[in-house]
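What follows is a set of structures to go through.
Here come two complexes built around subunit A, the first alongside subunit B, the second alongside subunit C.
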Partner chain A sequence: MRDRKREVAIVGVGQTKYSSHREDVNQPEMISEAIFEALEQTSLTMDDIDCIVHGNMELFEMIYQPDLWHTIGTGASGKECLRLTTGGTTGATLVCAADALVASGMHDIVMAIGFEKLQEGHTTGGITNMADPLWGRKLQSGALVGITATQMIEEFGEERAKKASIDYRIIMDMHAMKNPKAHRRLGLNFDMAEDLMNNSPQLVGELRMIHMCSQSDGACVVILASEDKAKEICDRPAWILDHVTVHREEHMGTLFGFKKEKLTHRHAAEVLFKRNNINDPVNEFDVFEMYDPSSWWGVDWLREFLLFDGDEHLKLVENREILIDGKFPVNPSGGVIASNPIGATAMVRFAEAALQIMGKAGEHQVKKEVNKALASGFGGTFWTVLGILTADKPER
Partner chain B sequence: MYRNSFIVHGKLALPYQYFAGRLGSKFIKTLEKEHKIIGTRCKKCNTVYVPPRSICDRCFLDIKDNLEEVSKEGTVLSYTVVNSYEDHYPERPPFILGLIKLDKADTPFVHIIKNVPINKMKSNIRVRAIFSNTPTDTILNISHFEPVDYSVFEVGYTYEELEIGMSASFTKTITETDVYLFAGISGDFNPMHVNEEYSKKGIFGKRVAHGVVPQSLIAPVLGTKLPGLGTVAIEINTRFRRPTYFGDTITAIATVKEKIEEKKWVKMALKFINQKGEIIADGEAIVMPPKG
Partner chain C sequence: MDKNLTVKDIILSFKNRANEHIIKDVVCSLGYDISGEMGGKWTVKIDKGKVIIEDGLNDPDVVISMNDEDFISFTLGKLDPVNAISAGRLKITGDAQIAQQSAKFFKKYQIDNGEEREELVRLRKILSIPQRFSTGEVMGFFLNNLKKKKIMANKCPKCGRMQCPPREVCAICKVEASEWVEVGPEGRLTVADIVFYASPDPLTGEIRKTPYITAYILLDGCEDPDTFWHEIDPDTPHEKLKRGVRVRPVWNEKRTGAITDIKYFELVED
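Moving on to the complex of A and B:
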């Protein structure tokens, strides 16, 4: 990352329990649960927070400018506050923006808030409105994309592709079972693979219900602090080494058929790894929190982020190396398939990666020491935010 | 009125308009007036966009004036079958939506594909635009796409589709002409087939067809019916049971008897009967069904 005035670290994380229904609280009340947790973890009060960045999906709950009236639950009263919304990447964009606000010297401590209460809105209706109204809208099926399954089956054969995607799904659930905040904790095991991959209801082609992420309610809060404050607040803060954002807009009808182009994920990884001298991501990162909306995408995207060309990504899954105690743990939190409060989801990736570095992930803490973590966000027609967190303060 | 104040139920139906713009409108009108499909070319990266765009987002160049016609034929890159009905659909399900890349275009677009049996649909087939005679001011100025070559769908049953017990048959009357033609083909002018007076003294009392003439009727069964087009015969064993006289009507029947998993071959039971229901031959065959 080019010139920064100073280093920035994540010093605190707060999350609500993720759930399909939160009738017991209104939106600002739900958000405040995560805020109180983050304040408690950091022993900070609202007075210590200089600025708030707030975001969720546009109009997903059919409300306009939630940042304004959410003030009653966010503590933003009288403070500087920004609202950001970039689709599925919103949560990650919020972290990047908070980083910029601190790194620039504008603020010392910034709180980023991502939330979603999907129960109150219409997720597929919302996502469908992303497509070009003339050429794409009537063809969009929300976030249900079946073509990755088709492509993987064509490339690796039906048996191997289906097995890898269901194994990935089962591993994510095994992780979610260790995370009390995860939304879907189904108690899956590998013996169920055959039944699940053949009998789970089909959504689009071989994309089945079991492969797909949930729609969740919940909020995530991350507190970022400047280098001089970070050490005071947190014994082992998660330093922001670098992040990169890659946007690409496609006419939805052509998205997956347009030549066979490099995914934004791969492009982001190439840029980020080159800038930070990462030559062997599988061995250099201790954990990866990936935005994985379905288990087909989860498997396929490992290939993109880790810059593989052959079937190494399948082998990582087949050899169970992505398990929490494996060589390359992926989503110890259970990932997006387990919990998906969309405006918070990409932030949860950074938050969970930070908790792993801090050593505060609880039951789903990776056993080996986590010194370097990768986190990704995904959204829009194909947008990527990819970031690296480290236990050591970056030397530039 | 709210039903209660604990949960506010609402529904926002917000009116909106969206304009296709000059270029998008021209695309639709050209479909209607000239039955032509136009795209725009980026002269820097040479990408031809269909439907046309004004700006190449990769090169960030204005390309709206670089219109060119693309082919009315193209290749299906992928497809889906729509099974549930929504109000905005132009068709009653089930129907096929294909991602079609027209020749001379670089971007595919989505349209309805008709005249393809849904269970036979596959990617990479060639399709052609069929224009509508009724103007619609929408992309439905192309009514739909249909296959250029139908033979790709006429493949027989694959190994996976074949089930034990499936059967098919072919029936034909064996005439004197058939026998004499076969005598010519094979050189087998044995008097028992071609000499009536000689045959009267033989065990059948009259001329009979060559044994393989009725048995050859299994070829159209295996090759065009079950498994059908694309089948390769590996082995055929038959046993002669009764003679076939001129004028007899023979039915050749094949039934799936066994699936040979390791080779993906199929063993077929064969039976040949005449018009009286008598078995004139039986046996079995091993065939390699089409891959689909």
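Moving on to the complex of A and C:
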């Protein structure tokens, strides 16, 4: 991906408040809220936007041309418009596509829109239908998987694994409390750990309700601009250094053998870090916005993305290093566990990472200067999009 | 929040808020155990259209416990019940289904401030889509063999991996996997998932009975980590679902060439 005609930066971000209750607006009305915020932040108007990339998970609301219905809310009329759907990764794929459209020289300013109104559909039903209809559909229970909890308990013992997972959850809620846009802000603290990890209702095995992400309504908008326009629009734009998309075969069976297969997250990190000379991710990245659908996956995936082998990922959580003012802040926004409008969710990771670089994250701004940020998307039967944003314009 | 609104007001209002056409055949009782300054204990009895409110918990079918402020926020629609349950702020003891249904028993609580607000319309729709999927030759062969109680895997001539269910080509080596091998029917459990969350079965549209157990099984003759995804007898004691334990399929009497030809796997007891 480093072979590009010109550099591209995120210059503007807009988000609705994420919520389980947006009965007060329809889909185009909801999306336009995020668009207005992004336009206001950049002082651009819709006339400045050359192209719109629009996406969500169509299976959830069962509307197959949302981009056409939404034109009145997106301002796409008369502009080039693309629609994308790649499952949970949709939001990140939208950013990658917008990046390619600008980097290639095809457009100067592109607006990417990710949204979901999960209350208008059935999320677990929608996700279950992603499975192979001849076999997996009977067995899939949406995105609810307890196996990671079982594996972590086997590897690290029940007490340590359960404690790390609930501590991660509490840290995410402490972050969400600082983010007025977050959906679930429960006011958790570490004293509640014991009660929550034992008494929260079980969904699948040791995956309990408290560990799992929300189902949210909301939209996210990111505006990307070419190198000659970026600085005019934003004082400190978030440059797109690189990104990688990794898919694996669709059959889940190979993930859960006696022998542990390499996850796409680890493969993505290996490829991306090698290409960009990242040797010490924990010290080189100032913040990580990770797509963490549950707190068990959150803890486990730190190990994959940061290329750990032992228990360093547990220690990061146990030593509270992932707190917003810790050594390696993870999800100052509260992450996916706090807000999950699925088609927007992976975009929110890139948008929040960009806000951190721009210094515009507000109350959940990381205290230290953010020069390099990592953002990830996750979807389907374990797919990964992983990207790096920088404060410095990348050298070609 | 309305400072004058008390928990007791809300409890007593259940009587006037009853949806009579819904509760006309319902007999049940809901207990409210509300902590805090305004708290107290009440039992709301529903008896075929009548609502009776009693002080104290008089052996209700279900008890809903929360603090006074949360109860008021919840009544006014400002506190999401799912969030409240996950945060441990709302506890339901007893028959949770009654608690869930009770949302329909009563009309929404309205604060009377003299203003009438126009209610936004929400349309409810249920989609039902009949679907027909072609199996193709390879999956068709595999499914037809299930009718004969045979589990067939196809082997990659290059890496030796055994795909089960099979595929036309090895997904890794991208070469045709043409050799068929009968595997199992017994195998070893690698990992199981005990599902408590009741979601609809997409094949029937019916809510699944919980808990049920899904599992990954390395069938005899297959190569790790190509496991076989199926279910375990839901009556199996959970503590017996140990990694490596031996399992065997229980076949359905009537077999149609589908995943349901195997009812589930059961533990092979020594």
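One rule holds for everything that comes next: the second predicted complex is superposed on the first by the 389 of 396 C-alpha atoms of A that agree within 3 Å, B and C clash if a C-alpha of one lies under 4 Å from a C-alpha of the other, contacts with A are read in each partner's own complex, and residues count from 1 in each chain.
Note that a contact is a pair of C-beta atoms (placed from the backbone, for glycine too) under 8 Å apart; a residue touches a chain by one contact, two chains touch by 3 or more.
On a predicted model such as this, the values are computed, not experimentally measured, just so you know.
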| item | value |
| --- | --- |
| Joint occupancy of subunit A by subunit B and subunit C, clash or fit | clash |
| Touched partner set for A:G310, first subunit B, second subunit C, both or neither | neither |
| Touching partner for A:W135 - first (subunit B), second (subunit C), both, neither | both |
| Touched partner set for A:M192, first subunit B, second subunit C, both or neither | second |
| Which of subunit B and subunit C A:G78 touches, first, second, both or neither | neither |
| Touch count on subunit A, higher of subunit B and subunit C | C |
| Overlap of the subunit B and subunit C footprints on subunit A, listed as residue numbers | 23, 62, 133-135, 138-139, 146-147, 150, 204-205, 249, 251, 253-254, 256-259 |
| Residue ranges of subunit A in contact with subunit C within the complex | 20-21, 23-24, 62, 122, 124-125, 128-129, 133-139, 141-142, 144-147, 150-151, 154, 184, 186-188, 192, 195-196, 199-205, 208-210, 212, 214, 249, 251-261 |
| Residue ranges of subunit C touching subunit A (in the complex, touch as defined) | 77, 80, 82-83, 85-88, 120, 122, 127, 131, 133, 135, 139, 143, 163-165, 167, 171-172, 190-197, 199-203, 214, 216, 218, 224-231, 243-244, 258-260 |
| Complex interface listing, subunit B residues touching subunit A | 7, 10, 12, 16, 18, 20, 24, 51, 53, 57, 77-78, 80, 88, 97, 99, 101, 106-110 |
| Touching residues (chain side subunit A, partner subunit B) in the complex | 23, 62, 133-135, 138-139, 146-147, 150, 204-205, 248-249, 251, 253-254, 256-259 |
